[in-house]
Amino acid sequence: MIDATTAFPPARGSSGERLATAAVWSSALLVVGVSVWMLGGLFWQGAGRINWAFLTTEPANAGRSGGIAPMLASTVLVLGVALAVSVPLGLGAAVLLAEFTDSGSVFGRLVRRSLDVLAGVPSVVFALFGNALFCQYLGLGYSILAGGLTLACMVLPVLIRATEEGFRAVPEDYRRAAAALGMSRTGTLWHVLLPAAAPGLAVGLVLGIGRVLGETAALLFTSGYVDRMPESLLDSGRTLSVHIYDLSMNVTGGDANACATAVVLVVLLLVVNAAAGWIARHWMRGKRISE
Amino acid sequence: MSAGSYFEVSDMSLHYGAKCAFESVVMSVPRGEVTALIGPSGCGKTSFLNCLNRLIDLAPGARVTGSVRAGGLDLYAPTTDLLALRRRIGMLFQKPNPFPLSIRRNLELPLREHGIRDKRRLEETVEHALRDVGLWEEVKDRLDRPALQLSGGQKQRLCLARALVLEPEALLMDEPCSALDPLASAVVEDLIKRLRGRYTLLVVTHHLAQARRLADHVGLFWMLEGRGKLIEWGPAGQIFEAPREALTAEYVRGRQG
Amino acid sequence: MSPSAKDRLLLGVLRGCAALAGLLVVVIAAFLILESVPAFRNVGWTRFFSDPAWHPAPRAEAGQFQMLPMLAGTLAVMAGAVLLATPLGVLSAVFCRYYAPPALGNAYRRLIELLSGIPSVVYGFWGLVTLVPLINQVRPPGASLLAGVLVVAIMILPTVALMADGALAQVPQEYLRAAAALGLSRWTTVRAVVLPAAKYGLFTGVMLETGRAIGETMATLMVCGNIVRFPQSVFDPVRTLTANIALEMAYALGDHRSALFASGLLLLVLIVMLAGAAEWIGGEPARD
C-alpha cells in the first residue's frame, strides 16, 4: 500500500492546492463536528436517566416517566421472529448462489438482480406489503409476528449478500480436497464449507440484527404501538425505535425519555456494529485467498 | 566523480523495515549517456532506481541512508522540493501505466500542472511529444479516446511521451521493454537510442543483448548474503570484454544468474 | 437415504430458498399493485395529478387525491440532501486516503462506519429536538424542507463516504506511482487521476444515497412539518410521500388506503427507475 500522505506532497505556493487542502480538512472537521454535536448531545441528555429501573419497569404516564421494559421485550421478540425466518431462508439462498450456480447462470443472475432491487426498496414499502399480506390476508393483525415477518423480508438481501461473500472467501482447495475424498455435496457443505464460511454468516447476521433494531417505519403499522408487555407473538408490541418516534412526535413532554431510549438503542447498535467490524477484521483475516 | 556525471551516489543503502534491500552503493552516472543496470531478479535494481527520484517515499517503511546528488542537488536534503525534483527526473515503468484518461489528457495533465495553460502551446507540445515517440501518425485521429484502448507497445510509448513533455534532465527506465513483444520492444529500444545525448538515461534490463546494444556504461547488481550490492560498474566495453570481477565475467557470459 | 438422494433433496431445498428470496420483490410489487387497483379504478390515475388538493376519503367521490406536492417534497428533500452529502462524502473519503495521517484516517473511517449504523429515527429525533428549534429562531415554523434536507444529508453521508472510500481503495497503485513519478501534486493527483479512475464506484455511491434519500421515512416524517403544499422556500414545511404513508396508513380505509398503496407503488417505480438509470449510464465497461 502506498502511503499517500508522504508520497504526494501538496504543491508549494499554489493557491488552488491550498484551497483544496482547506476544503478537504474542513469537510472532515464538519462531519466530526456534527457527529460530536449529535451523539454528544444525545448522550449528555439521555445517559443520566438510564438505570436498572429504567430498563426493567413499564412506562407510565404515556411514556413520559417509567421505563422501557416492554419495548425491550418487543424488540427482542421482533428480532427473534425476523431472524428465525430470514436466517434459514437466507442461508439456503446464499449457499445455492455461491456453491451451486455458476456465475453465468440465468437463474443466479435473476435472483441476484432481484435481491439488489429488494435491497433498495424503501422500508415504508415493506410496511405496506407487510400490512397487506401479514396483517390483513393472513389475519395476524398488528402483531409482533407480522412485524417480525415484515422485517425478515427486509433483511434478507443483506443477509444473503454477506453470507455469499463468506462462501466465496472459502479457498477453492477445500472443495477440491473434499471432492477428492469422495464426500457428497451435502457432506461437504455441512462439514467443510459451512464452518469455513461461518464468519461471513456471522457478519450477515450481525448486519441484519442492526437493520432490525434500527427499523421504525416498517413496524409502525405491522407490529404497532401498544406499549404493554407482549404476552404472545400475536400481541401488538412497540419496539424501542417506535417508542422513540412516538414519544417525540405524539407525547408532549416525552423528549427526555425518548432521548434516554435513543441512547439505549444507539448503545445496542454500537455493540452490534462493533461486533460486525471485529468479525470482519479478525476472523476473516487469513481466510481470504490473497487479494 | 567528474563534472560529466549527473547522478552521484555515495554509500547509499536501503532498508525495507529491518530487511536490507541493497547496501553501500557507490556509483556515478554520466550525463547524457545510457547507463544499463543488470543483475538477477530480486537484487534491488528497481529499488535502486526508485531511490533516484525518491519514488521510494511511496513504500511505507523504506529507509534510505547515504547520499545521492542529481545535477548537483542533494536529493535527500530536507529542503528538497519533491515535486520539482520528480519533474526533473522522469520515469518509465516496467508495466505501461497510462492514466485512465484520454490520450490527450494523459499528456496535458503534467503540462498543465507545470503551469502551461495556453491551448496552442499545449497542442503543439502534445503533438511534438507524440512525434518524438513515433506515435503521432497512429493516434492523431483519436487523441480523445481512452488511453487504455491502446496496445501495450503504444501505451509504453505514450508513457514515454508523458515523461518527455516535462523536458526532464534524466529518465529512469525499469525494464521498459519486458512487458512488450519483440517488435514493440525494438521500437522502444530505438527510441531510447535516439534519446541518447539529450537526456541522462538509466535503464534496468534483464536482456544482456539489449544492454550490449544500448549501453555506454553498465552496472551489475548482485545478491550477496541476502543483500543487494553493486559489484561492478564502468564503461560497457570494460564490463563486457574485460570485467574485473569473476562474478561479472560469468554473468555476462551467461553462466550465472 | 443414499448420499445422492440426499444431495438431490438438498439442492431442491436450496433452490426453493433462492427462488423464494428472488421472487419476494415480485410478490411485493404484486401486492402493491393488487392493493392499489381500487384507487386506480375508483379515483383514476389522472386525479392523482389534477385534483385541487390532498383530502383523502374512504370513498373516491368524497375526497381529493392530489399527490404532486408530496412528490415534489420527496424530490426536493432528495435533491437537497444529495447535493449536500455528495461533495462532503467524497471529500471525506479523500481525506481518509490522501490527506489524513494513517492513524487519523482510520479513526475517521471508524466514525463514519459508526454514523452509518445509527438508525434514522435517532437522526430524526435529533433533528426534531435540535435543528428544528434552531431553524425556528431564524424563520418559523422550523419544521421545514431545510430541516429535512439537513437531517437526510447527514443520514446519507456515511453511505457516500464509505462507497467513495471503497472506490478510492480500488484505484490501482500503478496510477499513483505514475502520478508521483510525474511530480503531480497531491490535489492534482486526486482530482485528475484518482477521482476519474474511481468514477464508477463514486457513481454507484451517489445512486445508493439517492435511493436512500427517496425512501427515507422517519427523518422526513419527524422534521419536515408534514404540510401538503408545494414549498415556496426552504423554510416552508413539506410532506414527503413516505411520511404521508406513515402518517395516514394507521387509519386509512377504502379508496384512501388504496391510494396510499398507489403512492407506495410510485415510490417503488422511482427506485426501480433509479436503479435502471444507474445501470444504463454507469454500466462499468470491461477492464482490460
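Order as written gives the chain letters A, B and C; numbering starts at 1 within each chain.
In this text, a contact is a pair of C-beta atoms (placed from the backbone, for glycine too) under 8 Å apart; a residue touches a chain by one contact, two chains touch by 3 or more.
Since we're looking at a predicted model, the values are computed, not measured.
In terms of inter-chain touching, the protein chains here all touch one another pairwise.
Across the structure, the highest number of inter-chain C-beta contacts is found for A-C. For this pair, chain A with chain C, the centres built from the Cα atoms lie 16 Å apart.
Chain B and chain C have centres, each the mean of its CA atoms, that are 49 Å apart. Chain A and chain B have Cα centroids lying 52 Å from one another. Among the residues of chain B, those touching two or more other chains are numbered 57-58, 82-83, 113.
Within chain A, contacts with two or more other chains are made by residues 1-3, 7, 9, 11.
In chain C, the residues that touch at least two other chains are 176-177, 179-180, 184-185, 188. Residues 3-4, 6-7, 10-11, 13-28, 31-32, 34-35, 87-88, 91-92, 94-95, 97-102, 108, 111-115, 117-126, 128-130, 154, 157, 161, 173, 176-177, 179-180, 184-191, 208, 211, 214-218, 221-222, 242, 245-246, 249-250, 260-261, 264, 267-268, 271-272, 274-275 of chain C are the ones that touch chain A when the two sit in their complex. Chain B contributes residues 57-60, 81-83, 113 to its touches with chain A in the complex.
Considering their complex, residues 53, 55, 57-58, 82-87, 90-91, 93, 95, 97-101, 105, 109-110, 113, 148-149, 159, 162-163, 166 of chain B touch chain C. The residues of chain A lying in touch with chain C in their complex are 1-5, 7-11, 14, 16-17, 20-21, 23-25, 27-28, 30-32, 34-35, 37-38, 41-42, 88-93, 95-97, 100, 107, 110-111, 114-118, 120-129, 131-133, 153, 156, 160, 184-187, 189, 210, 213-217, 220-221, 241-242, 244-245, 248-249, 255, 258-259, 262, 265-266, 269-270, 272-273, 277. Residues 1-3, 6-7, 9, 11-12 of chain A are the ones that touch chain B when the two sit in their complex.
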